[in-house]
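Below are structures written as C-alpha cells.
Okay, so chain A shows up in both of these, paired with chain B first and chain C after.
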Partner chain A sequence: MIEIKKTYKNYVGGKYVRSESGKTFTLSLKNDSFEVPLTSKKDIRDAVTASKKGFQNWSHISPYTKTQILYRLSEMIEGNKDSYIELLILGGSTRNQAKKDIETAIKNIVWYAGFADKWEQVAGNLNPVNGEYFNISHQNPIGVVFSLNADNNSLASLLNSILQPLTVGCSVISFSEESSIVALKFAEDINNSDFPDGSLNILSGQFENVYEDISKHVEINLVSINKEVPTEILTKIQENASNSVKRIIYMPSMDGISSVLPFLETKTVWHPKGT
Partner chain B sequence: MNNKTGVLSFNWDKTLELLKDSRIDSVGLNDRVDSLATRSIKKESKLEALNMLVSMCDLTTLEGEDTEGKISQMVAKAIVPNPNDLEIKNVAAVCVYPSLVSIAKEKIGNSSVKVAAVSSYFPSGQVPMESKLLDTKYAIDSGADEIDIVINRKAFLEGDYRKVYDEILALKEVCGDVHLKTILEVGDLRTYENIRKASLISLAAGSDFIKTSTGKLSVGSSRQACYVMAKAVLDFKNLSGLSAGIKVAGGIRDAKDAIRYLVLIKEEMGNEWLTPDLFRFGASSLLDDVLKQIKKLKTGAYQASYYFPRG
Partner chain C sequence: MVNWEYSESIESQDIVSIKDKYQNFVNGKFQQPNSKKYIDTISPSSEEFLSKIVISNEKDVDKAVESAQMGFEKWTNTTPYERSKYLFKLARLIQERSREFAVLESLDGGKPIKESRDFDLPQVAANFFYFAGWADKIDLSWGAKSLKPYGVVGQIIPWNFPLLMLAWKVAPALATGNTVVLKPAETTSLTALLFAELCEQAGIPDGVVNIITGDGTTGSLIVNHKDINKIAFTGSTQVGKLIQKSLAGRDVGLTLELGGKAANIVYEDAAIDQAVEGVVNGIFFNQGHVCCAGSRLLLQESIHDEFITKLEKRMQTLRVGNPLDKNTDIGAVNSKEQLNKIEELVNEGVSDGGKIFQTECELPGNGFWFKPTLFTDVQPSYSIAREEIFGPVLTTLTFRTPQEAIEIANNTEYGLSAGVWTEKGSKILWTADKLEAGVVWANTFNKFDPASPFGGYKESGFGREGGRHGLLSYLKAES
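And then the complex of A and B:
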C-alpha cells in the first residue's frame, strides 16, 4: 500500500487554494517535512477581498448563532483529535503534550462560544449623562483582522490568536509561518463548522514578504501580532498603519473580557428617555 | 468631434449590400480576443490607461428609484471624481432617463460633462414608433447632448431588418445635431453574425456610436462582442469614410477588465479610437475601482471604497 501524503493548501473565502504565485516553501518538522503555500502579495489582496465579504456575513449573524457555530467548531476538533495529536507529534511534541494541547484548545473554544452572546453586555455601557437621555456605548466589531500566529507547535496557541476577534464578529486572516501545518489542517474543521465563507481564512508563508502590504492595505482594520518580530519591522508596520489609522496590537492579552476589547469599536448612541 | 450629422450615409439597397457577407470565424475570433487579454500593463502606462478610463466613463444611473438627490450626487462625482485628487479630470458624460435630463443639465452647469439620455423606451423598446419619437424629442427638448436608443430587437430577430433600419433613421432625424448612440443589446442578439449585422444596420442608418448593451440583462458587454463591433466600424469606415464610436456597457466592473478593452481597441482600431469622442464605457461601479487603482498606484497601498465619493 502506498502512503498518500496530503497537500496542505491555504484556505481563503471558504475554498482551499494554492498560492497564486505557485510558490511553496519546505516546512521541516522534527519528524517529517511538508511543502506548504508561500503566500504572495496578491494572495493577501484576494484574502482581504474574501474577508471583507466574510465580515459582512459573519458580523450580521446573531450572537446566539455565533455561539452555536463556535461550539460546532469544538465538536469538529473533538472528532479529529487523533489526527491532530499525530500531527503535533510530527512537530516534536510528546503524545501527552499533544493531547493536553488539543484539550486546552477545545476548552478555550467552548469558553469563547459561551462568551459570544455575552461580551456585548459586559463590554458595552450605559453612561451617566446630564439630561433626560439614555447614553449608550454600543460595541461593534472593528472589521477585517490580520493575525500573525506564533511559531509554537500548538493548536491552542493558534486559536489564541483567532478566537477573540472571531467571537465578537470580526473576520480573520490568520497567517502562520513555522506553525503552518497545524493551521492548514485546522482549516478543514473551519470548513465543517458553518462559518460563512471568508469569515476565517488561513494562510501560510513568510511574514517578511507580506508585512509591508498588510500594514498599508486600507481594508485591513487591525493587525494583531502574536509573535516576536524585530523592532524595526514593528516600527515600519506602525508607521505604515498610521496612514490608514489602522490599529496594531502586539502580543495581545488572552485574559477574559480584556482579550476582546482591542477588537471593538465604540458607537455612542443618545436616546431620549421620554419622561 | 467626429461629425457625420446630416449625412444620410447609406440607403437601404446599399445597406443590404453591406450585410451580404456577415460570416464570422468564431474560433479565430475567440482566440484573438483571448490573446489580447494577456498583456501586462505596468506603472506609468497603467496610470495613463486609468486616467483615460476616467475620461471615457459615462457615469450611469438608470433605475426606477432615481431621484433628484441621487442625480445631483452623481453629477458632482462626474465633475470631480475624487475630491482628494484634483489631477483626475471629469468623466465624459452622465447617463440618465429622459425625465431627469433637465435636472442633470442644471447641476452640471458649465462643466464639460455631457448629459446622455436613454430613450426610445429603453430598455425594451417594445412600443409603437410614435412613442419612441416622442420619448426622444422630450429628452432632446430637456437638453440632452447625447441620445442612447435601443434597436428594435423584435423586428431584428423576426428578420425585418428594414424596420430596424427605418426606425434608427427616423430617430436620427429627430436627433439632428445631437449625438446618437444605438444600443444593440448583444445579449439578445446571441450570435456574432447578428451582432455584426445589427452594427452595420445601425451605422448605415446614421448612428454616431454603437453600444453593446443596456446593462439590464444578465449578459452584458463582452470583449468578443466589442471586437465584432470594432471590425464592423472599421469596415464601415473603409466604405463611407466615416468614423463611428463604440460604447461598451454592462458588467464591466473593474479597471483590469476595462484596460483589456482599451488594449483591444488600440490593437484592432489604432490610437485614433482611444478618445472619449470615439470610445466610451457605460458603467456605474467601474469608476470606483478605477479611482481605487489610481490611488493604489500613487500611494502603494490598496484602498477601501469608503474613502471615495458615492454616486
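And then the complex of A and C:
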C-alpha cells in the first residue's frame, strides 16, 4: 500500500504557505526525505508584515491569558508526543533521546507559561529616587524577533530559541535549516493553540539566502542567533544591523531572568508626588 | 514699571587652578604621553585659552589598555567590600571639592554655574554613593550567578555633562568589578582630569581608572583595540552606529546612549502654568545640549494659542549670559562647531516655512551664544521637527486626539525620552504605556537620579545607565 506523505509548509500569519518562489530544498533524514519550502527574500518580507500585526495583538494580550495560551501549547505537544518521538528518531535520535527531548521541551514550555505573568515583577522595580517622585521601571517587549534555530533536530532546542521572546510579548519569526521538519511539524501545534495570527511564524530555508535581508530589515527589531555561524556572516549581520541600531544576540544565555532581558526595553516613568 | 534687572553675582574663579598643559592619567599617575599633538581647550563663553590637552595616539591607547588589564587583576583581587569603600571615598571627595569642580565645569563647558553647582555636581556625588553600595551586593541585583564583569571597559563620553557622564560611566563599571579607559570629549576634558587627581587622592589601585584625552581618532583607537572587552558610548546616533559597525564580528560588549528628539505632550486638561515651566526646563536646561531634551512640543490644538502666549512670555524672562553669573539661566553654546550646527538647522526651519520667535536679549560679544528660540507653524516633515538640534530650540506641533499625539510622538527613529502633561491619571498611564521611549516624565521633565535607569529605545541606543538595570550594562551573562 502506498504511504500518504505530509507536505510541510511554512507557517506565516496563522496560515500554511508555500514559498512564493515555488522553491523547495530536500531534507534527507535517516531513511526518508522531504521537500520543504526554500524561504525567499519576499517570504521574509511577508513574514515581517505578519509579525508586526502579530506583535500588536500578542503584546496586548494580558499576562494571565498569555500564560494559558502557552500552557495550552504544552497540552498540544503532550497529545502528539508519539509522533514527535518518531520524527526525532527519523532525524537520528535514539528513542530515549527523543523521549527526553520532548519532555524537556514540554517542561520548558510549562516553565515559561508560568513566567508570562511574573517576569515583570522580577525585571522591573520602583526606584528610590532622591525627591518626592514616584519612579518606576518596567518593560516593554522589543517587537519583532527573528530567531535562527539550531541544527540538531530537537524540539527542545527549537523552543529554547522561541519561548523567551514569546513569553514577554514579542512576535517571533523562527527560521530553521537542518531542523526544519521538527519546526514545521511544530507549526501544527501552534495552529491548534490560541496564538494570534502572526505572533509565531515558522520558516524553513537556507540562512545564507536571507541573512542580508533580515539584518537590513528595519522592522525586525532583534535578531537572535542560536547556532554557530561563520564569523564573516556574523560580521556582515552586525554591520548591517548598525544602520538601524538593531539588536543582535549570538548564542544567548538560557539562565533564568537573563534569558528574557535581551527581548525587553526598560521604560522608566516619573511622576511628582503631592504637587 | 518695576525694574526686574538683576545685579551681577559672579562666582569667583580663584578656587580652580588650571595647568598650562595636561598629561594622561594612566596606571595611577599622570604620565607624559607618546603623542606630541596637543590642542587648546578654551572657554566657550569668552573664547579665552584655558589649557592644552593631548590628542592621544595608538601608543597612548595601548598603554592605557595595558594598564587597565593589570588594574583588572588588582581590582578582581580587591574584595567587593573594599571596592565599595573606595567608591564611597570618591563620593565624599567629590562632595568636598564640589565647588571647585562646578566652577571648572562652567568655565570649560559654558553651562551656568547654577546648573553645574546645583545639578551636575550633586548628581555626580550621588552616582558614586549609589553605586558604591552595589559593589558588595551584585549577587543580589539580578539573582543570576552567571553575571560577571567584562574586564577592560572603554568609555567615550560627550561634552554636555562632562563630569556627570563620567560618573554615570565610571561608578557602575567599577562597582561591577571592571576597570576603565575613559576618554572625555575634546572640548571638555578638564573636570575629568581633575577627577583623576581625586582617584590618586582616594588611593584607587593603579590601573583601575585610566583617563586619556583626545578626539574622535583616539575614540576610534579605543573602540578598535584588540584587548578591549566592552565599549560604553554616549554621543550622537551617527557615531554610535559607526561604533556598532566597528565592533561587528568581535566578542566585545556594547552599550550606546545616543540621540533623541523627545516629544513633550501637553493635553488640554494639563495644569497649563506648570506645563509651561516644565516645557521651558525641558528644552532650555543646559542650553538644550541634552540628548533627552523635550525638543518637540506637542500641543493639543484647543490650547495652542494660550500656551504659546504664556510660553513666549516665560521665555522672555530667561537670562542668557556669563555662565559664572549665578543669575544666568542659559550659558554659552559649547563650541563654535555646535553653534554653526544650531544656526544651520534654525535657518533651515525658517526657510521651510516655520514661524520663529526668539527672545529679546543682548548676547555677549565674545563666545558662542544662541537666543532661546521657539518655532510654531511647523510641519512634521521639517528637519527642525525630525533632527536633533542639541541647542535651545523648541519646535511646536499640534494634535487633536490622544491617539494622534502618540502617533506623532513615536514617529521618529529616536526613542530616548518623552513628556506628558495632564491632570488625568488614567491618561498619563495610557500615554506612558504607548510611548516608545526609555524615560517618560509625567507632569515633570528632565529629572535624573542615580537610582533611576536611563537609556533609549530604537535608534537612541541600547543598555541602561543608573539603577539596578544600569548594572547590567557592565555585567555579561556567562553560559
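Brief remarks follow.
By definition in this document, the second predicted complex is superposed on the first by the 273 of 275 C-alpha atoms of A that agree within 3 Å, B and C clash if a C-alpha of one lies under 4 Å from a C-alpha of the other, contacts with A are read in each partner's own complex, and residues count from 1 in each chain.
The working rule: a residue touches a chain if its C-beta (ideal position, glycine included) is under 8 Å from a C-beta of that chain, and two chains touch if they have at least 3 such contacts.
Keep in mind that this is a model prediction, so the values were computed, not measured.
Judged by the touch definition given at the top, the superposed model places A:L261 against chain C, while chain B stays out of reach. By the touch criterion defined above, A:D213 lies against chain B but remains apart from chain C after alignment on the C-alpha atoms of chain A. When the shared chain is aligned, no partner comes close enough to touch A:G22: not chain B, not chain C. Between chain B and chain C, C contacts the larger number of chain A residues. When both complexes are overlaid on chain A, the residue A:G274 reaches neither chain B nor chain C.
Touch criterion met: A:E232 reaches chain C, while chain B stays clear of it.
With both structures placed on the common chain, the touch criterion links A:S244 to chain B and to chain C. Note: residues 243-244 of chain A belong to the chain B contact set and to the chain C contact set alike, using the contact criterion stated above. On the side of chain A, the complex with chain B involves touching residues 45, 48, 213, 216-219, 240, 243-244.
Within the complex formed with chain C, the residues of chain A that make contact are 122, 125, 127-131, 133, 135, 137, 140, 231-232, 234-239, 241-245, 247, 251-258, 261, 265-272.
Residues 299-304, 307 of chain B are the ones touching chain A in the complex.
By the touch criterion given at the top, residues 126, 142-147, 237, 240-242, 244-245, 247-249, 256, 258, 413, 415, 428, 432, 435-444, 447, 449, 451-455, 457-462, 464, 467-469, 472, 477-479 of chain C touch chain A in their complex.
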